[in-house]
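Just so it is clear, A, B, C and D label the chains in written order, and each chain counts residues from 1 on its own.
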Amino acid sequence: MTLQDARRVIAAAEEKSKELRQPMNIAMADEGGNLVAHVRMDGAWLGSIDIAIKKAYTSRAFNIVTKDLAAHSQSGEQFFGIHASNDGKIMIFAGGIPLEKDGKIVGAIGVSGGSGEQDHAVAEAGAGAF
Amino acid sequence: MTLQDARRVIAAAEEKSKELRQPMNIAMADEGGNLVAHVRMDGAWLGSIDIAIKKAYTSRAFNIVTKDLAAHSQSGEQFFGIHASNDGKIMIFAGGIPLEKDGKIVGAIGVSGGSGEQDHAVAEAGAGAF
Amino acid sequence: MTLQDARRVIAAAEEKSKELRQPMNIAMADEGGNLVAHVRMDGAWLGSIDIAIKKAYTSRAFNIVTKDLAAHSQSGEQFFGIHASNDGKIMIFAGGIPLEKDGKIVGAIGVSGGSGEQDHAVAEAGAGAF
Amino acid sequence: MTLQDARRVIAAAEEKSKELRQPMNIAMADEGGNLVAHVRMDGAWLGSIDIAIKKAYTSRAFNIVTKDLAAHSQSGEQFFGIHASNDGKIMIFAGGIPLEKDGKIVGAIGVSGGSGEQDHAVAEAGAGAF
């Protein structure tokens, strides 16, 4: 995951975000789960800076779409309580998607700033550009 | 959000709190989510100092009434797990209200010290004075 | 330490701060070291919100003027490293002063927003009004 | 501080970084000290992600060049211990510079990835483009 890759993904995500008229925080993690780049679009929620970065981390950390992790992490489900792990870096709701290259997961995108549905749609648009 | 603005809001919230005979912690955040002022009324809960400050932050961070955020943050809902974000600064129950000036959110009030209903009522009284 | 007491002390500190033309964060702690009130004067440093609150805590926690604690907390001195205790709530530089009533320490003022000398002078002006 | 502003500053900083042949993490904070954008150039240190973000915060939080804050924060100096404040978000070495618009500080740049001298030079190049 180069910075150039990350910027291409972010650009596609920003375009989708503008189309939805909902400004977003968009973050990119690399193979090690570490931040490559982050942008907060003008007017996006302050509280979503941290969430976008953590969705990217979470998605790579478990190689999972965070929308799917959500299903397993509700009260009563097998991973309930996972959000308390990893020093609080785990986000268990929609907006994070792992990114694959040659059959191997090499990073992830995390998006936050709207409804779960919007966040996931923007992350998908970004992932499509990878 | 000047300190004078914050004091006017706090005074109105205190008045409502006295009317309800339930002493409160009242906190004001500015546009960046940073604390402008805090008061703990005599006899108010110690554990509510932190909660009031964090409700103000949360309300500005997501431009939302925390009572409404609560509904989206229960197990099974789209933002379940959001309380683990932002280094534990997110409070997902009633008592935080964003404050608007000229159609733009420029801060928030956070109240803690009674029932959710009381906290919200005191926050509303404060918000009304902004 | 009532809220009224705290407000009287803060008012005196604000006046001194205006005289020095350096806006400050001013915080008041009670006998238990817990926050009673905080104000950020317009234009005061954002990073000083936390520091003012922690100076008040520190001053009551050790019943000491933080300027004096500083002398004991430098590298090579007897309390070097104390700033890492109490979950990071210990501030070891000037601006915190314990407040006494009938020979007993019942709270403290913490000030941050200028040089150590300015912070201490403003805290002293506040303490003088207690 | 718009995202467009932040990108212009980052671009100038990246150019300087390439000139020095030392890849950097570059972060931008807004008036409230909140992150606007971050990039990690290919090959830049992982440990510098956090440091760049925190230098930007620190620089805005105290309206100071972090290289200057360093001088006041050594053992024996007036702000020694300040690095323990603000939940560990204070960085007291070179690489952070506040950004001014119309005589008012509206954000900051934070750079990390090389020597203190290099970090500061890259931050200065970025600041020059604001």
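The definition used in the following text is that contacts are C-beta pairs under 8 Å (C-beta built on N, C-alpha and C of every residue); 3 or more make two chains touch, one makes a residue touch a chain.
Keep in mind it's a predicted model, so treat the numbers as computed, not measured.
Student: Higher C-beta contact count, A-B or A-D?
Tutor: Of the two interfaces, A-B and A-D, more C-beta pairs touch across A-B.
Student: If over half the contact pairs have to be identical by residue number, which pair among B-C, A-B or B-D is the repeat of C-D?
Tutor: Answer for the repeat of C-D: A-B.
Student: Whole-Å distance, chain A centre to chain D centre, using C-alpha means?
Tutor: It comes to 25 Å between the two C-alpha centres.
Student: Measure off the straight-line distance from the CA centroid of chain B to the CA centroid of chain D, and report it in whole Å.
Tutor: Distance between chain centres: 31 Å.
Student: Where the centres are mean C-alpha positions, what is the separation of chain A from chain B, in Å?
Tutor: 28
Student: Give me the residues of chain C that touch two or more other chains.
Tutor: 46
Student: Tell me, which parts of chain D touch chain C in their complex?
Tutor: Against chain C, chain D makes touches at 32-33, 58, 60-63, 75-76, 78-82, 84-88, 90.
Student: Can you list the chain D residues touching chain B in their complex?
Tutor: Per the touch definition, chain D meets chain B at residues 30-34, 87.
Student: Quick one: which bits of chain D touch chain A in the complex? Just the residue numbers, please.
Tutor: So the residues of chain D in touch with chain A come to 2-3, 6, 32, 34-42, 46, 49.
Student: Any idea which chain C residues touch chain D in the complex?
Tutor: By the definition above, chain C touches chain D via 45-48, 50-51, 54, 70, 73-76, 83-84, 88, 90-94, 115-117.
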